[in-house]
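Naming follows writing order (A, B, C and D), and every chain is counted from residue 1.
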Amino acid sequence: MHRITNHKEIIDKIYEEIITGDNLGAPAGYIPELAKVDPNQFGVYFMSTENDTYGKGDWQTKFSIQSIMKVLSLSLAYQMLGDSIWKRVGVEPSGSAFNSLVRLETDNGIPRNPFINGGALVICDMLLSQLKNPLFDFLSFVREVSGSDKVYYNETVAQSEASVGYRNIALCNFIKSFGNIDNDPNEVLDFYFHMCSIEMDCQQLAHSFEFLMDGKFRTKNGSSVLNLSQSKRINAIMQTCGFYDESGEFAFKVGLPGKSGVGGGIVAVHPEKYCICVWSPNLNENGNSHRGMKFLERFTTETELSIF
Amino acid sequence: MHRITNHKEIIDKIYEEIITGDNLGAPAGYIPELAKVDPNQFGVYFMSTENDTYGKGDWQTKFSIQSIMKVLSLSLAYQMLGDSIWKRVGVEPSGSAFNSLVRLETDNGIPRNPFINGGALVICDMLLSQLKNPLFDFLSFVREVSGSDKVYYNETVAQSEASVGYRNIALCNFIKSFGNIDNDPNEVLDFYFHMCSIEMDCQQLAHSFEFLMDGKFRTKNGSSVLNLSQSKRINAIMQTCGFYDESGEFAFKVGLPGKSGVGGGIVAVHPEKYCICVWSPNLNENGNSHRGMKFLERFTTETELSIF
Amino acid sequence: MHRITNHKEIIDKIYEEIITGDNLGAPAGYIPELAKVDPNQFGVYFMSTENDTYGKGDWQTKFSIQSIMKVLSLSLAYQMLGDSIWKRVGVEPSGSAFNSLVRLETDNGIPRNPFINGGALVICDMLLSQLKNPLFDFLSFVREVSGSDKVYYNETVAQSEASVGYRNIALCNFIKSFGNIDNDPNEVLDFYFHMCSIEMDCQQLAHSFEFLMDGKFRTKNGSSVLNLSQSKRINAIMQTCGFYDESGEFAFKVGLPGKSGVGGGIVAVHPEKYCICVWSPNLNENGNSHRGMKFLERFTTETELSIF
Amino acid sequence: MHRITNHKEIIDKIYEEIITGDNLGAPAGYIPELAKVDPNQFGVYFMSTENDTYGKGDWQTKFSIQSIMKVLSLSLAYQMLGDSIWKRVGVEPSGSAFNSLVRLETDNGIPRNPFINGGALVICDMLLSQLKNPLFDFLSFVREVSGSDKVYYNETVAQSEASVGYRNIALCNFIKSFGNIDNDPNEVLDFYFHMCSIEMDCQQLAHSFEFLMDGKFRTKNGSSVLNLSQSKRINAIMQTCGFYDESGEFAFKVGLPGKSGVGGGIVAVHPEKYCICVWSPNLNENGNSHRGMKFLERFTTETELSIF
């Protein structure tokens, strides 16, 4: 069984190749605030189960985690509600774009998985019903799993997204029309847009996924986030559904469970081995970071360390 | 990193629990020949990279491998044609049933992946153009990877399937109408139905997947079937697309790359660790072996050995 | 060319047969206010180009016109904006239920026709941009075409519908996400729900469609609502799209252009001959009045006066 | 009620305008034989219930009637089997292209209407079960309704179409897989391709639709083709479904029931008034004759004689 011992050299090498190469794509244009980000930023943070860590480039710059939050909200809901959550959201890849409404119509309002927007809205709705102070409590959870108190919502981004989030408003009300949203759609959406607006740097984000890497994570007060079986299952969903309509391509080329966000961040996990976060704002046509995808493909090829 | 040392005890235990429990579902009814199989048969064969092997129950009884052949035909085409095959077939999960035509219409005749019937037909078409004596050459390949000369087509099953294979005839002609089938659809279909009719037992089938387990397999004459990167990629496709519309569920519950067939067989691979073949004819509503799915879910839970 | 001379006898006869027969279906249940209506009410009002008129049963009882308003809003938009409206909405039958979102996704937010909800919302949006005092101006228009000042919005119904109108909220925001709604979706929806809440009796409603019957209608101040070509075209759209997914069935069995609403009303027009309004609250599975459909089928069969 | 008295002048005038204008589009390219036809041919034939007739341009040149045959096969099946045919085919517009398979999948193999290819194949299958000598009997029927013995199949066109008819082969086998085709798909397809290959000129074709114009037609031996109610219903289906995905547009602009074929022919009927056949090989993007559509739009506008 391989261990990476030369991860620094490999990261340095691939990083150089990529940063000196093209920087195709563009930042997410539909959210005014995100469109302003400098597209040339590029950060990487690596951590292993043996406590090797290595940051490269803009790894300490915060960015909007966007859809990556879906892994964290799912984990919290899974912890609080157990397998009952799967009555309201599936675990199958959607075969469609992240904000498609088509499948929902044939599936009677049960989103295919928790990582398409519809599924994440249903998870939001569950948390809204469970948490006393949803915004405060969720942020506390994120701070705990990231091991950092310096994690915040970006109110401007949340508002920016709400102001143009017609597709998400449509999705949420559509699911509500099938009875699979309990709360007021406007409240669910407000919570959702705030969650997406959370900002972290590569290091914080990689640490937030530590419990999916080793299945042993415990919060400061000692309570485990998820049991081993649950964390394996979330990894499985990330593998099959983490990159929207490019999930198969990511499995094919990178071979790791992971999750991307339109802020340009990607976190990928090699269970029991390592966790890696990359960030670069320019997105490819599927809404995933251009340089991030490239970096991870090269990284698993060089290290021969995919899960397959 | 875990090794299974007590695989026999675990297999014995789970096997007993399942064989004494219910046997829900029914054999594939649409193929007359398959409907006649005794549904109470249940076999398991395990093999590890360390040459541990163990067979249980009806592991030496031959059955129709059906769609499991798609992994073998893909491997042969990949070996012969390299990455050019991905121009004609995708690697994304379909989000639809195995014989759905819907996606093909929006995707202009490019099947979503090589494991839905449409994709397998395109792979068949490639092999038909490449092989001198398609039926003979493909069988030779299968014999080589399985390490057994006692592998045959079942002409009766092939004819039985051809006689009612309207959906596959539709699929093949539909793809031809988009120009993504080069040969005469009738020849492609004949080849396809023959491939599906191949019969193997659990042991032969597990051995056929050995090159996906260790990525090192060489045929008797020394030529490698696939390089490491290629075998990893086929594992990735099995993970995301191997169980039709239950692929996400399988990843979620079992956590291994694998492939099922309507004959009731399933092969699953834990890269660099083990390969396992289970067989029981009764199928669940998604066309996957009821007892086989159950066995594998229990097996990875007990051994804590999924890839996630 | 036939003229109906014995319309009273025919109406009396069919009315009796139907009112003494079954009264299948149920009033629209999803709008709380409409669910309260007495389902045994049944009214008919007939008027011809030769000024024969005849009312039967509950023809003077007001009911919620609901989607029938879509013909009036379309007519007003067509009058004000001419053929430019067809850039934002099509004239093809949808082949789907009235509130389906599926087609919109493939058609980039251009609703198939102005009588499915999405199309009616786009027409609403046009009027909202054109009218100074939208609610007041639209009501004035309806009063003029109906020839009656006693036509009102029902604020309770409008609120009732808004409170559960998640599907319409979804539709409007979905179309907005494609850029085919100019105004704030909430304002468009408020206008839409008010329009649907208008109440009329059979007589008022039949008169409102007079300009589609003879193409000669002039408002009190002498301005024509639509020119002949325009009124013919609206009739054509009613013919092909007026009854959602039952439009073909209606053409097949009744053979007249017409429009139904979930309040149980139906107006049908035989160009240059007559106009007829029927109302009965119980709806069939396609959302059209059960008794109304039956009455019209019998009426055109008895009179041999369909357009075909 | 208008009568056309100056139809010759109007036809002459519009014909001249159109033949001196552009000739956009191209003949059906996918059928090798049809692609060879001279695209500049343009014929018109008019006949009224008062026995006025007028031919213009290439009205005596034979062309491939293609899908126009669907009206004749439907009429024969309706005559032989009555309303039982509607159990196997619907009367709703499809909202999709003529050869789409998508709807069939959700509708369990029941084609939406008899004028999309799938529906016409089901009608063919019915006739195949009913007729003693299908090819001979159908041709006899066509000769009788057209009033001409000089009507033939074009064997070359039938073969030409069969040789590339993958989409129709797919459709027929797909429907068979749902159990809605009784005979061998290959026989159904052979019959279908022959029917499409029938050649007529504008005059013969207009006469073939006479029974839909007056509902009184009798064959030479005195038996009526359809009763009044049945012929009205076929007109209604032509109105809503006769032009594939352009049916609404045709109703909107022309306002007559009609049927087009990819050979460039269109027949339109004004019940109780007139019947008109136009032919010009260049097709628009929806597969309907470019000049034919233009002519009919102008003709109903000038005469103010649409059914609406």
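Keep this in mind: a contact is a pair of C-beta atoms (placed from the backbone, for glycine too) under 8 Å apart; a residue touches a chain by one contact, two chains touch by 3 or more.
Chain labels with UniProt names: A, B, C, D = Glutaminase.
Not measured: the values here are computed from a predicted model.
Undergrad: Give me the set of chains touching chain A intersected with the set touching chain B.
TA: In this structure, no chain contacts chain B and also chain A.
Undergrad: Among the chains, which is located farthest from chain C on the basis of C-alpha centroids?
TA: Farthest from chain C by mean C-alpha position: B.
Undergrad: Just how far, in Å, is the C-alpha centre of chain C from the one of chain A?
TA: The computed centroid separation for chain A versus chain C comes out at 47 Å.
Undergrad: Please compute the C-alpha centroid of chain B, do the same for chain C, then give the distance between them in whole Å.
TA: Comparing mean C-alpha positions, chain C is 55 Å from chain B.
Undergrad: Whole-Å distance, chain C centre to chain D centre, using C-alpha means?
TA: Whole-Å distance between the two chain centres: 32.
Undergrad: What parts of chain C, by residue number, touch at least two of the other chains?
TA: Answer for chain C, listing residues that touch two or more other chains: there are none.
Undergrad: Identify every two-chain combination in which the chains touch.
TA: Chain pairs that touch: A-B, A-C, B-D, C-D.
Undergrad: Once bound in the complex, which stretches of chain B touch chain A?
TA: 1, 90-96, 103, 112-113, 228-229, 231-233, 235-237, 239-241, 245-249, 251-253, 255, 257, 271-272, 301, 304, 306-308
Undergrad: Which of the residues in chain D end up touching chain B in this complex?
TA: Residue positions touching the partner: 100-102, 105, 166-167, 169-174, 176-177, 185.
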